[in-house]
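The structure appears right after this line, and notes come after that.
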Amino acid sequence: MAADDRPTLGIGMVGYAFMGRVHSQAWRSVSAFFDLPYRPVMAAVGGRSEEATAAAARDLGWAAAETDWRELIARDDVQVVDICTPGDSHAEIAIAALEAGKHVICEKPLANTVAEAEAMTEAAERAASRGVYAMVAFNYRRVPAIALARQWIAEGRLGRLHHVRAQYLQDWIADPDFPLVWRLQRDKAGSGALGDIGAHIIDTAQFITGQHLTGVSALTETFVTRRPLAEASAGLSGGSRTAETGTVDVDDAALFTARFSGGAVGVFEATRFATGRKNALRIEVNGSAGSLAFDFEAMNELWFHDHTLPAAEAGFRRVIVTEPDHPYAAAWWPPGHGLGYEHTFTHEVKDFVEAIAAGAAPSPSFADGLRVQRVLAAVEASAADSSRFTTVEES
Amino acid sequence: MAADDRPTLGIGMVGYAFMGRVHSQAWRSVSAFFDLPYRPVMAAVGGRSEEATAAAARDLGWAAAETDWRELIARDDVQVVDICTPGDSHAEIAIAALEAGKHVICEKPLANTVAEAEAMTEAAERAASRGVYAMVAFNYRRVPAIALARQWIAEGRLGRLHHVRAQYLQDWIADPDFPLVWRLQRDKAGSGALGDIGAHIIDTAQFITGQHLTGVSALTETFVTRRPLAEASAGLSGGSRTAETGTVDVDDAALFTARFSGGAVGVFEATRFATGRKNALRIEVNGSAGSLAFDFEAMNELWFHDHTLPAAEAGFRRVIVTEPDHPYAAAWWPPGHGLGYEHTFTHEVKDFVEAIAAGAAPSPSFADGLRVQRVLAAVEASAADSSRFTTVEES
Amino acid sequence: MAADDRPTLGIGMVGYAFMGRVHSQAWRSVSAFFDLPYRPVMAAVGGRSEEATAAAARDLGWAAAETDWRELIARDDVQVVDICTPGDSHAEIAIAALEAGKHVICEKPLANTVAEAEAMTEAAERAASRGVYAMVAFNYRRVPAIALARQWIAEGRLGRLHHVRAQYLQDWIADPDFPLVWRLQRDKAGSGALGDIGAHIIDTAQFITGQHLTGVSALTETFVTRRPLAEASAGLSGGSRTAETGTVDVDDAALFTARFSGGAVGVFEATRFATGRKNALRIEVNGSAGSLAFDFEAMNELWFHDHTLPAAEAGFRRVIVTEPDHPYAAAWWPPGHGLGYEHTFTHEVKDFVEAIAAGAAPSPSFADGLRVQRVLAAVEASAADSSRFTTVEES
Amino acid sequence: MAADDRPTLGIGMVGYAFMGRVHSQAWRSVSAFFDLPYRPVMAAVGGRSEEATAAAARDLGWAAAETDWRELIARDDVQVVDICTPGDSHAEIAIAALEAGKHVICEKPLANTVAEAEAMTEAAERAASRGVYAMVAFNYRRVPAIALARQWIAEGRLGRLHHVRAQYLQDWIADPDFPLVWRLQRDKAGSGALGDIGAHIIDTAQFITGQHLTGVSALTETFVTRRPLAEASAGLSGGSRTAETGTVDVDDAALFTARFSGGAVGVFEATRFATGRKNALRIEVNGSAGSLAFDFEAMNELWFHDHTLPAAEAGFRRVIVTEPDHPYAAAWWPPGHGLGYEHTFTHEVKDFVEAIAAGAAPSPSFADGLRVQRVLAAVEASAADSSRFTTVEES
């Protein structure tokens, strides 16, 4: 564990809703489990409402509250800006922070448009040359089972990869009376299921295969096109709803087939209408030497089929990813005493702090976020063009 | 159980490989479990080799052997022709049999081309007007769990259907040294994974949803383009291989998104490269009021999520489909004493014989087989046209 | 497959209820899948009611019907007597058949008392010296997954065995209004859950471990002590019930801990009150080098944990027991095309016929059945003596 | 969330190994998720080594370190003493703390002997009369799925309870070279698997059924009787071992059958030799109206069979226990974003603080801990007396 005399690293977080709460828990807990080169200090949280931001600071453990994110960035006791706002404000905040010499960790999707993501990536690259680093918060990379999957694929255990099948299934808007929250509005969220959860399976697929998507053929659908308007601040639970209705201008579901740079083919599906599936981020990869399968609803398990075994002995094996030799696991509890959702964020900030200390670019970079953004754009372009196969733009 | 004085129904089967073996077991067993209006008699089996056909007759329990399928059709003791040959001979045999006034049950896919399937469907319709019936053998409709799924969806238990995700995953040609058996040759098999196993999930999806596919956007891939030539008579196991190689001219995998006539969207995947998946015919349907999920590798189970329950009580429920009230199940064993693959065929011939006796068209009809054939054609057309969304031709 | 000129083996079956139906299917099917040295002929079925026995003969495919089992035994065309009656008649029929020089296959439990089982075992041993063989029908030994478990343990893959946990869970008498069928009467059935299903897990545990139980400490319970009287011929489904009630004088549930000859300890539980569990014959064995787990409700799967692998790679592996190298599997369908309950009987009669032809004692022998009977007796003795640890009597 | 002006509650924790680490995380996090009437302050941690205790204070977030637990108790800024030491010191510390007017939360098992547990319970009852409260830390009661199970059983959803089957399976000492850590020494740990993990399933079974065990019949076993001596401070991982060996004088496994106060019967098994099972705390309860099943290795799931449904619709239902209406769940993340092991402790301290504030006895009380201790004693007595059924002593 870390000594008392290690330097501090002041964190300033913008946004304190769902993502802000879980990032706060990560910053609060990380030092007790990982021996970090810096001691993170929860310096300030930023929000628009003075009262609500002050309450958030108190409840989530931030030393100060700011109602202007520019002032938060400017604080001397802030060296890291953690962006937990909706996608429409990511670019402005992130670029300002990087230009001010502050390291940035930014929630996904990186931005609402490719153009914004490009500007952010350029800013990140300029900053990196000055030793200021940026990371996009694809937290699922830090699920131990997913990190293990990447490791095993990189070691060649699956041989030549043939298939990826990835799904992100939720059901929280299946009720047509669920209100028109910001995640259902294009100007706030950029897209619907596609950007919110499709982005995660795109990143996860690229991460664990070590291949990128080269093209897609997509179909999107909006099942419920008008919904009650929500109260202004409604979160994921929808809050109370009004009698008026508004138009849903994002996708309820996005389905696409894809080709990967290494020759694999893939099927992707993101929806919030899969009744009974709560947070089923699933991915299976089939290679010539074996297969891997994962479902976040059982996040401590990775299923591995070793196809090099005699057929009579082979089968999908349930590896409980809590052994000391598994990624991140030695920091926690004995085998079988599983982790939960929040720990992916603890791992994320741990890796981020270590990268900063090492003077190395953290991963996933803004360029990785841009790559996902370009896939999202290709999906939307294909869906708008009769599902025609659409090449993902390269840098 | 049936009385002795019920009329006989003479069966003549063409082909005695994998499908012929399982059809034989169905004919041999069906009367002991179901009280049929006719007593099926295993009159004759047909094949090309005199010796091998005689051996098949003896081992599989057929009273006679014929080396010319035309003579088998012509036999007075044959009222039903059961076609278990590769797809390239289906049309010729089926049309001849129907024209000779013999009922026909024909393995799937109905034919290797839409044109053949159309000719067969026309022949079936002409025959039906004379009380001679035809059925295409999509056996998976007779898995009790799949029949139950259809019943529950028809009753409205899933509400409005939003999603279908269907996979048929096998792995028996993942080894690049597996030889070029007839199922990998376009002139024999019509297509690869698409027609062999993709046809099953297309039919199953249409069957259980009661909707048909209106259009598809597809991507196909052949991972291994040259393989060793097989010995002439190699079956599924591949047999011994030769030093020469030949070209694989069918798909190894077919992936497609789809739209359904009732508004649902679907994702389909058929492959024989999913290492570790042996016969994973899987389908999940999500509706506004609930969801159903099935995997043939656990064929006695149907998973049902009732979304009308309070959220705190809901979840996918593992229904073991062996209760007396379940489709076909009362004929067999007590609850929990499961059925296997072969019983889908026993159910199939039972339904077929009952339809003939009732003077009703059996289901699935050749028209249903044609409908699947048109989806297959649309998939191939889309795949050849940059995955562009392609409308499935209507009758 | 077998040639026409192989000798026939005439079968005479006594009893045609649940067990008789499934034995009939086994005799009817076995020759089509296994190349047997004899050709089994379904010569005659025996029962008490002339009409019902004739109907059973017709429906199940037996050439003749007999209303006196002594006449059935005496028939010249009967070389094998297959006993499918309740346990109270096993001893008399089996001993008579063996003395008449007929091979015997007898349903389990071997008898209702140890004394009967001893007499049967002695008769079997006398007969064996004359080349006449006897087998007790513990069909679950012929589940491919269970046969594979035995093989792997015999090969040493689990190392030193520490734990056996076995359960046989059903729920068909959980309803207190379910009637007093013969299986709930001590004079017919010998005991309740203990002999009916507990016998199966005792035999299975001894079979797969290669060890026998040396002593037990038991607790039995009858939850519902009075039940409506059933109609005379009620089977498993209970049939219609009368207004009168009678006393349940057998156990509803039997629970016991045990020690094995090789040092393992075990926990056993047999009940027909486990609501939601239909036919959950489960067994898990933990050894120093690995573990195996099985549940009949997913009978085509065997779960194997290889503890010699590095911990980070290990986990329970779902082996689908349908590969050509798996016990019995090569005779059937391609991998993943599962088997059902009935096939355990097909395998049973196949092994029985082969043993007869080889002049070798079939397994499990009547001595094996006696061994199980002695465990049942020890369980009852312990339960009657404050659960005191009770040694299983040795031969 | 809580206001700033709520009173503080100073916590002093004794012991900082595995349990101390997870208790620390609970105290550190609880206020951010639950609106507590007091604000817990991590005042001081106690240990024997000055250096190690100071390091623990720094790493785990305690404001001060004490090397004498008496001084820790005496601190003015400590109102709660949290006991995370081995069982041999529980009684002394807990009684001293309660007498000093400090609330106590004490790890399980409550003590190493019934006599100690009785003394502790008396001290707790005396203290309660002065408004000073004590709780035993059976954390698994705070798994949301287990809390939900209790709630549903209390509501009568399972009807009359017939069966409990509980297992706690681990495998961390299956290797005979694993060293003789304190948990394998009777003077430190009281017993082996029995007290360490058996205690959890006893408490869990009593908690969710609302019934207590009235008697047991037990069998215990020590598979490995000599082990290498461990380094002094070895924890769960065993640390380095020495060349000398010592005697294992506790059980490696404890198996017992039981009767419950409400008429159910149970089977219990606790072992650390179940290779492949890492932390499988499992419990299934079967009642006349339904069943529940749980496995900690999938801790966010509760399986529920509703036996009042028509048989054709019924089956075990996988309820993901993350809905807002589920116990504790509203404080955390959206549905499907699961919790981990540590959150059971967060819930525990939340309930403890709320009870203190309400002036109500927290649950489980020391009397509950004593009840478990008496079951442990009955298990050992039965095992020592030929497994004879042994009544659990009542208060």
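Going in written order, the chains are labelled A, B, C and D, and every chain counts its residues from 1.
By definition in this document, a contact is a pair of C-beta atoms (placed from the backbone, for glycine too) under 8 Å apart; a residue touches a chain by one contact, two chains touch by 3 or more.
Since this is a predicted model, take the numbers as computed values, not measurements.
Touching subunit B and subunit D at once are the following chains: A, C.
Distances between chain centres, each the mean of the C-alpha atoms, put D farthest from subunit B. Here the spacing of subunit A and subunit D, counted between their Cα centres, is 35 Å. Centre to centre, using the average C-alpha position, subunit A and subunit C are separated by 54 Å. Here the spacing of subunit A and subunit B, counted between their Cα centres, is 42 Å.
Shared interface positions of subunit B, i.e. residues touching 2 or more other chains, are given as 277, 314-316, 320, 324, 335. On the subunit D side of its complex with subunit A, the touching residues are 1-4, 18, 21-22, 24-25, 28-29, 31-32, 55, 58-61, 170, 172, 236-237, 277-280, 296-300, 320, 322, 324, 333-343. Residues 162-163, 165, 167, 169, 171, 174-176, 217-219, 221, 223, 253, 255-257, 259, 263, 265-267, 269, 271, 273-277, 286-291, 305, 307, 314-316, 382, 386-389 of subunit B are the ones touching subunit A in the complex. Here subunit B touches subunit D in the complex through residues 148, 304, 310-320, 323-326, 335, going by the rule given at the top.
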